[in-house]
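You will see two complexes here that share chain A, one where it goes with chain B and one where it goes with chain C.
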Partner chain A sequence: MTTKQNLYHSKPAQWAVYGLFFAAIALIPVFVTDGFLLNQFAVYGIYGMLALSISLCWGFGGILNLGQGIAFGLAAYGMAMTMQMQSQDPDSNPIPPFMLNNSLEHLPWFWQPFWSTGGGILLALVVPTLFYVVFGTLMFRARVSGPFFAIMSLAMLSAFATLILDMQPYTNGANGISPPAPLSLFGTDLDPYGTTAYWIVCGGLVAVTVGAKLLTQSKFGLVVQALRGDPERVRFLGYNVALYETCIYAISGFIAALAGCLWVMLIQYVSPAQLDTTFSIGMVIWAGIGGRLSLLGAILGAFLIQGGQSYLGDQFLATWLLMLGAFFIVVVRFLPKGLAGLLEMILGSIARQPAKHARPEPAGLPAAGE
Partner chain B sequence: MGVLEIRDLHKSFGGTKVINGFSLEVTELTLCCLVGPNGAGKTTTMDLITGRQKPTSGTITLRGDNITALSEHEIAQRGIGRKFQVPAVFRELSVRQNFEVAYSREVNPFRNMLRRRPPGFSAKLDEVVSLTGLKDRLDVEAGFLSHGETQWLEIGMVLMQNPAILLLDEPVAGMTEAEIEKTIVFLNRLKRTNTLIVVEHDMGFVRQIADVVTVMHMGAFLAHGKLSEIEADPRVREVYLGEPEV
Partner chain C sequence: MTSLDIAPFANALVLGASIASIWLIAAIGLTIIYGTVGVINMAHGEFIMLGAYTSYALQSFLGLPFLLCLPASFAVVALVGLAIERGLIRYLYNRPLDTLLATWGVSLVLMQGVRLIFGSDPKYIAVPEIFQSNVEVGFASLSVFRLVVIGVTALVVAATAWLFYRTRFGMQVRAVMQNKEMAASFGINADRVYMTTFAIGAGLAGLAGSLFGVLAIVLPTMGTAYVVQAFLVVVVGGGTLLGSVAAAGLTGELQSVFAFLTNDTFARFLLYVLIVVFLRFRPRGLFAVAKARR
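Up next, the complex of A and B:
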């Protein structure tokens, strides 16, 4: 049986769809002038980045990570601390108000580096990534995998959430940190409802998507996909499997950390809710429904579910969760590769049809860019 | 001097001695068949050589280097390739991608991030494809291959690694007669350029490929030599062949 190549697997077609997607999200500020709506779209972009990060480690690397909130939350705290310190003055007012309420007389040592905006943002990105490197190395060297890793990541997430809740004087506990002013970069305030903030998020999403796509097409990406299926075989071919797993896990953590920073830039708030287990499991559901083996599929899955949550959730309240659950079950049972897998199947059956049309059928292509 | 030397290897699982003072020396460019009845410890020996299991005591040296304490990927990098008893290929990847992964000259993840296809791959792929006859199947997902083709793919993958020594664990298990014939021709060609250790049950197959035969019994070395010598050995007849072969 000879088959034409499935358009879904054609690299030029994939890049064309990515290009369409980037153009679509870049055009949003032209049509949307309402600041609140623009801010909400930017937040969807953050969710897209999180879903992409899950797609990298779960979809491509086979590492089911239910604790992605660790990187997202820690980075969000780092960013909130940076923004909080921008409102403090080293001489007249060095201690944030909530610490004074908790009768702290000195700024804790680990808050000191956040006086510097650049240093603070750097720490917000580096600390979670380093944690992923250490935690990943410990887990993957011991060959913890599959559901066992999922449980460990979930437990670690809960541990961090509890720690932050308990350290009330340093983190303001359940109330979280709400910096009084927007992020100030290079002397100008970055209005979270303005187009600049949207562009920053949009640029971040495009950058991590292109980076992740190139990564999956590299030799590294191929080895990672191979070890998803059979880590033992990869090991006997001479690759250090634990190192590869740690790499893809840490890269996915870095993307989630970037998402955490940008999220606080948009929302100006962080609390232990960002390390809530339901939020992290939600990310896995976005990627699962959209298609964990497709980076773009995962991003669109996040848009779809969070969009549905915003609009249908208000209408149906608790029933929305039941609808989401039922939808998830249907996808897991009938579409293990998610909605992107459905597109792959449709394009595959088009490719298998006898060539009635002389020209290639582009019908399925625009559907993916929507 | 032997390219691979095993000295006084012991392995026990919770008090049960599986390998009991086994020694072996494999000469460069020979095909050595490792035979023995079920439970003789053949596959465990393979596991010990490739680092999947660690011996209780004893040493394994490759070209004079002690590799006993190394982990699987380090041993593989030093040039020991292994084909598993149950074919292990990446079923979700295409045949070509399977070969790409197997071409493991560069194993550093960071360098591999910046690279799509390593230099020298195409030439090696052509060579291995012409040996294994998978030319028309390169773009097929490995999960769709027949059982025989999967065996060939895995042998091809081990060859892509460019190993100094190939360990093949029951390479013809589940193959059709025609495929076995093809494998015999292939192995006889391969032993001119590679050193091979083949674990095998089928004495008919062993007769057609082996330069030397090592017999294991109860985890220990029993006999070593040409097949005709082995078959004449009364101890071997007793434990393995069971009855005199005609």
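Up next, the complex of A and C:
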């Protein structure tokens, strides 16, 4: 070998970095004891999951999805409905207060399944995923792709947002649903500011990240990456492109749905703002800046942007969006692979440099040592 | 049906024509930009918003009469579009998804920039007295200004059609659309065609914006209200001028009729779902042109 392998592409190195990352987020509760701050970090973890889901379908599958808020928002509503029903009593007080304010006399039929906590959470995860399967099948079998798909996902998102706004008596419209009590699982209340809630989100993020990483390395993941390059060619090789596209889209939707459930667990609130187009495109910006071709890059992109928004946004409230927009333009223009792509480039040039010096020596060194 | 039953329905149809004209004029700049340059311009809504602010600024600071503000905002926003095309978009022509994202960044910058300059409070554009009255159209009553919008839209469509199908420039544009390399080898400067088309598309958005500024209030976020509909018109129409006219007419009327049968927001939901199903069968829109892969 004349050139060393780029460390960025070395699998052991990648897993080592993942391990470091997991250790870092697992250590946070040791150093952070303030409940409010811990809750905020957990929320960042959820944004990380969303960015990961975008990286999976956009970075790996080449499907630009501007409507990821559909899964996130619908699941968040499902979770909020579950938590709301936990504080209602079937006999004495079966109807949530906001419905009474909207003069509903019976619990609507689609609220009934949410009496059961397990059933409610299951629905919150299954309904958005099923929607993604149906919508994805419709779009991908018609070979709607690229910008057209992006626009359609955006349109569906805005359709859902208006529908939820419109169904005031059933969804409390623009005010949203704010369950009065934290989620109670197996008889214990889950304090959203406690360490348990943090661990749940942390565990979710780790599981989803490892799952997604393994998925991208599997045969399925390779086919998905191939169709990002050239769907026609993959089709001619005999693969059912629409099926693969629908699968990766639905998996990414499932991850976003999971994120939606956990988000409501932490925030105890949901409103149509979670289906806002700006929020969904924001997820794409996280993944784009962090690096859509890198799962971890996307997660860190979400941390970076949302963290920046929380800390810089307070100081430069007026110019934050201006800076974010300009930063994003620069990244798209000069770094299409995001900050992770920058790292790849730097590591690549480091890997090449020593190799040039080492050329006279016999090349017996193992590739990508450290 | 008796005439009593027909009246509200006819009213809905007239209103539908008005909605269609609004969506069409919002979409027409987008159509020629997408159809010619192949760029999904996410900043289109902000171009509309810039047009409204241009009219507002010209009117309140320079005292320009409203009818002169229309061509003025066309010119100003066309210049802004030109600058953005030269500074950013032209580097991204071979990356269609990235142009979508970059123009989203542009829209963030424009929106926040306008907010910094003009503030977040609503502005209003004054129009001549006669535009504010109502007029009877058959069974329906419509404000005169909505008729003005329909008239301007018709004019703009006619002018665009003339430009693209009756002039030398239009022939060059169509040649570049069909095959950029071949057109270039015949001496057409494709780069300049793209630049000019983008600027014209942006200018048309500005023109639409100065009309919308009268229909609704002028706000930094006003563009987002029109942009999804404008995109749907382009997607349903397939990116051609005729397609957009047909798509705007169809979706506008459907929206109005659905709204008449249910309500405004549910009508929108129904319409979007219908469009998804429609695209299942005609993924390239109503009047898809057979064109070479870019």
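Methods note: the second predicted complex is superposed on the first by the 351 of 370 C-alpha atoms of A that agree within 3 Å, B and C clash if a C-alpha of one lies under 4 Å from a C-alpha of the other, contacts with A are read in each partner's own complex, and residues count from 1 in each chain.
In this text, a residue touches a chain if its C-beta (ideal position, glycine included) is under 8 Å from a C-beta of that chain, and two chains touch if they have at least 3 such contacts.
Quantities reported herein were computed from a predicted structural model and do not represent experimental measurements.
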| item | value |
| --- | --- |
| Contacts of A:Y244 with chain B and chain C, given as first, second, both or neither | first |
| Which superposed partner A:V332 touches (first chain B, second chain C, both, neither) | second |
| Chain B versus chain C as contact partner of A:L324, first or second or both or neither | second |
| Chain B or chain C, by number of chain A residues touched | C |
| Contacts of A:V234 with chain B and chain C, given as first, second, both or neither | first |
| Chain C-facing residues of chain A, complex | 64, 135, 138-139, 141-144, 146-148, 150-152, 154-156, 158-160, 162-163, 165-166, 277, 281, 284-285, 288, 318-319, 321-322, 324-326, 328-329, 332-333, 336 |
| Chain A residues within the chain B interface of the complex | 215, 217-223, 225-226, 228-230, 232-241, 243-244, 247 |
| Chain C - residues contacting chain A, complex | 40, 88, 91-92, 95-98, 100-102, 104-109, 111-113, 115-116, 224, 228, 231-232, 234-235, 263, 265-266, 268-269, 272-273, 275-277, 279-281, 283 |
| Chain A contact footprint on chain B (complex, rising order) | 50, 52, 72-73, 76-77, 81-82, 84, 88-93, 97-98, 100-102, 104, 106-107, 109-110, 112-118, 157, 161 |
